[in-house]
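As structure tokens, the structure follows; a few thoughts come after it.
Chain IDs A, B, C and D follow the sequence of writing; residue 1 opens each chain.
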Amino acid sequence: MFTKVLVANRGEIAIRIIRALKELGIRSVAVYSTADKNALHTRIADEKVCIGSAQSKNSYLNAPALISAAQIKGVDAIHPGYGFLSEDAGFAEVCEAAGIKFIGPKPQDIELMGNKLKAREHVNKLGIQVMPGTFQEIEDEQHAIRIAKEIGLPLMVKAAEGGGGRGMKIIYDEDQIPNIIKIARAEAKTAFGNTSLYIEKYFENVRHVEIQIIGDGNGGVVSLGERECSIQRRHQKFIEESPSVAVDDKLRNKMNDAALRITKHINYRGVGTIEFLLDEKGKFYFMEMNTRLQVEHPVTEFVTGMDIVAEQINIAGGQKMSVSQKDIKLKGHAIECRINAEDPETLVPSSGIIHTYIQPGGPWVRVDGHVYCGYEVPPYYDSLIAKLIVWAEDRDSAIRRMQRSLDEFIIEGIKTNIPLHKKILASKEFLLGNISTRFIEKFI
Amino acid sequence: MFTKVLVANRGEIAIRIIRALKELGIRSVAVYSTADKNALHTRIADEKVCIGSAQSKNSYLNAPALISAAQIKGVDAIHPGYGFLSEDAGFAEVCEAAGIKFIGPKPQDIELMGNKLKAREHVNKLGIQVMPGTFQEIEDEQHAIRIAKEIGLPLMVKAAEGGGGRGMKIIYDEDQIPNIIKIARAEAKTAFGNTSLYIEKYFENVRHVEIQIIGDGNGGVVSLGERECSIQRRHQKFIEESPSVAVDDKLRNKMNDAALRITKHINYRGVGTIEFLLDEKGKFYFMEMNTRLQVEHPVTEFVTGMDIVAEQINIAGGQKMSVSQKDIKLKGHAIECRINAEDPETLVPSSGIIHTYIQPGGPWVRVDGHVYCGYEVPPYYDSLIAKLIVWAEDRDSAIRRMQRSLDEFIIEGIKTNIPLHKKILASKEFLLGNISTRFIEKFI
Amino acid sequence: MDIHEIEELIGLIENKDIMEIEYSKGDEKIRIVRAVEITKKAGKTPQERPDEMPGTLHPDTDEGNAFISVNSPFVGTFYCAPSPSEKPFVEIGTKVKKGQTIGIVEAMKLMNAIEADADGAIKQILKKDGDPVEFGEPLFIIDPEG
Amino acid sequence: MDIHEIEELIGLIENKDIMEIEYSKGDEKIRIVRAVEITKKAGKTPQERPDEMPGTLHPDTDEGNAFISVNSPFVGTFYCAPSPSEKPFVEIGTKVKKGQTIGIVEAMKLMNAIEADADGAIKQILKKDGDPVEFGEPLFIIDPEG
């Protein structure tokens, strides 16, 4: 196993990983930008090193600085967390070339799944239903119009190198096509350094349901069940739960089976998530695979009793998987609310000094956060400041537990989305589980 | 069920109960002394009422003020928490006389178990081994000396109306008897308003193991397994865990059986704890019963998955027990550290303003606390400021999780016992489970 | 002494009315002087004021005249008259003597007489007949010069 | 006490209502007095100051003379000479010109030349050959009047 690991991330996920490392008896090295000098992850890690200035490209996205930091600290492995370089096949390769284990999938798997068109092709060949749409990139506007006629409006234009909800545009009208293609291409170039686009059918009344899997790279892959992630805002997940009210045992088996086929076929190593759209008739479509740890992994930890991050580290360190599929049973119900430092009306990120910070606690309440009283939220990074996760015997009890936890959560000095979470949790439609990816849009 | 409940307590347990009430959809009324104006329990409750001045006798022990508060707020029931009036049979009676449900045992059960001599007699008659000692109160010094000759030194002098570790003196030498009896009698009068004393054998290398039970008052009683509470300081519990390394399935069944016999015989209603001494040979002796919710109930919640406080309230509200004995299975391992505001060397309570307060978090970490950054710990009450409870698959993992959680817990402005907890958790003897009630004494 | 201890030391004086602190032990010596203008007023936030006890002086805001507030010594129900059929003990403007009964707070069927804390005139009656009152809640304001 | 501890100490008092701090141990002594006008500028704590970028001015404590600190622009390994067998680029007292190479920071096998930010004399060399250095860590102090 590893003796020292560098965590190439910040915020709550850096803390989550450092916690797992400590519990496994592995020394942890935090990296930080000059803006994160007082960040909590630098305080709880065993060692820390400043890798660059505030802008992510100079620090958390600065691969040479990260490798250099890993070398001067003499680590065995790098954990990339999520976001930043976690799905960068090139970074994974550079790590391995430098003799540092990358705690994540094999570079070729990151690459295969990172290109959404290749991933669609891979999955389609296995006979698993993918989202209706193209398997080639869009050549030009005329090509896009031909596709639109073929599969019918509305459509969604996506960046081939995008993912995680970024770089997506909806087309409701054929006339919009030339314009949207132009904008999407420009955005894709800026965001992903690649202008490749493709088109999928856009479904309106669907759920986003994903399957958490974990593989040991030796053909062993286990599914940890589904997460319901339909409550989204601007394609960003907002509330996640497990299990999904729309998934019964039969459907769960089918989805697990599809996820396992997709990943077993490539002998997948590490944690990953297969994202599906689920329609009202119980038919599901492959959207994409995320080849990394996900923000919402705690809901699965709560219902399975499995420490996903520890398992991920152990597998990367060469250990065997600690569970087999028959050990996995979902017990009770877990819900996660993402607490963001943002204006609940405008969604504009809110930076500033937190002068009151009182966390909820008590039974089956988990907070994965990284801020504290007196901390200044810097304006440079993601607005997620804490994940509030609860578990209870059943969904109704979990909702009530989440409601009282949101009531207890006092953050002053910056704006947060807590009021919106409270509104959603108190709504009849949420309580009934009548949700879709357009829930918040219709709700506000 | 109840629609509104008054919580006649303060601190973390008031918060724990308010949380349970909120989750059950019951309105909560907090009471507070003038010293607790800014206490968190007043902030999270639905309503609050000031009941008296800082000294407990004028507020939290002031039965007329509590009943009056309950009446002006129109509550259906009072939850007494632990400590204060929770084991006061008279208060339970006054509540019921005023038409307010007392969320606790029947007054006669509180009385029976509250008098330790009567309790010993009750249990002895059932054929369950009690601590060797007297069944009558000590008449005078000569009587005490006769008993000493009979059962052999060392002995322990206890107050008949004492309990919970208070009012106890050890006798190592016959010459000390007259003096100790005199002091113990004086202390018992001050603390419990009653001079009755009795004598038990004092065992040196034993464990304190207790069984958590819950009864519905209709003959149904369920045991939730044991807690190992041997790590004590000055007869006050310091670290608790479940299960106990010293208890195997066979012994657990025996202890459960004894606890169930003691409580079924009186048709016990509510939650309660049967405390046993367990010697090195696996023989156990009844010490006393606590007829209330206990500080350390969360470790049992973690390993059983059962919400003990919700169950207690539901039963008091006339609902049936939600579980039967066969549903109770202990899964994994839970540990609790009591975080006190006190000098870790001298044990002197430390009051003052907390200027940094950063709580541990992450998977399977629970904090039941009541302080926050900027809060001033008043000098009037118990020094417990938070309970840190963790769960993991096995004891070793739970210890590592507790260690990293203690490392993360940053409290500045007052002194706490966190350093001592860290020392104990890091010790080889604790890791091996070689513990007894004299662990800390020998350890420091 | 390391940086943390120094930080703690600073924390210590920041909350107090301390201007300067000097400490030495063996060959180690430290002296900390506080900035003058920004000395926070005893570091006390309003939440930390000691609680009002029944019958404390309340310097009122208008022209510094010290009114006296008569606070409830019990949590219970306030009554302004000896019984529903009788007249109130006092009204606004009533002249009262120290020790005179001016109201009742009932707690658990016990009627507790509320007495004037000083000679003066009733300036305000803050509760209505039958109102629930908390411990320490102001019931009357007496103007000792009234 | 090294430069970091001093920096930390300065950070500490900047954050607080502290005017002056004096500390001594053995033959070591430090006294830091705060500039009057900068007391709590716009509520900013030192933590919120933009970080020093390589080559910023460092006002030193003795008589206000501004020394220049040359900071590492990379996380990596510091070398004081072009190769182990060669002499160091500079020593204490060496006169340097702006832009002159005075050291190397190696990151991922790439040798990055560290240049003097100003004309002057090397007053201090804060790292030893082969030391690991973080981004922004001071490597040299240059006295522009030296």
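One rule holds in what follows: a contact is a pair of C-beta atoms (placed from the backbone, for glycine too) under 8 Å apart; a residue touches a chain by one contact, two chains touch by 3 or more.
Treat the numbers as computed from the prediction; the structure is a model and nothing was measured.
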Cα-centroid distance, chain A relative to chain D, in whole angstrom: 41
Rounded Å distance between chain A and chain C, as computed from the means of their C-alpha atoms: 53
Interchain centroid distance [CA atoms averaged], chain B/chain D, Å: 56
Computed distance of Cα centres, chain B from chain A, in Å: 42
Overlap residues in chain A, where contacts from two or more other chains coincide: none
Residues of chain C touching at least two other chains: 11
Chain contact topology (line, ring, star, complete or other): ring
Pairs of chains found to touch, sorted by chain label: A-B, A-D, B-C, C-D
Partner chain D, residues of chain C touching it in the complex: 1, 3, 6-7, 10-11, 14, 27-40
Chain C partner contacts - residues on chain B that touch it in the complex: 34-35, 37-38, 49-54, 59, 64-65, 67-69, 71-73, 98, 353, 355, 374, 376, 412-413
Interface residues, chain D side, partner chain C - complex: 5, 8-9, 12-13, 16-26, 34, 39-40
Chain B contact footprint on chain C (complex, rising order): 8, 11, 15, 43, 45, 47-48, 50-53, 74-77, 106-108, 110, 132-137
Complex contacts: residues of chain A adjacent to chain B: 15-16, 19, 22-25, 40, 43-44, 298, 301, 305, 307, 309, 331-332, 356-359, 361-369, 372-374, 393, 397, 400-401, 403-404, 407-408, 410
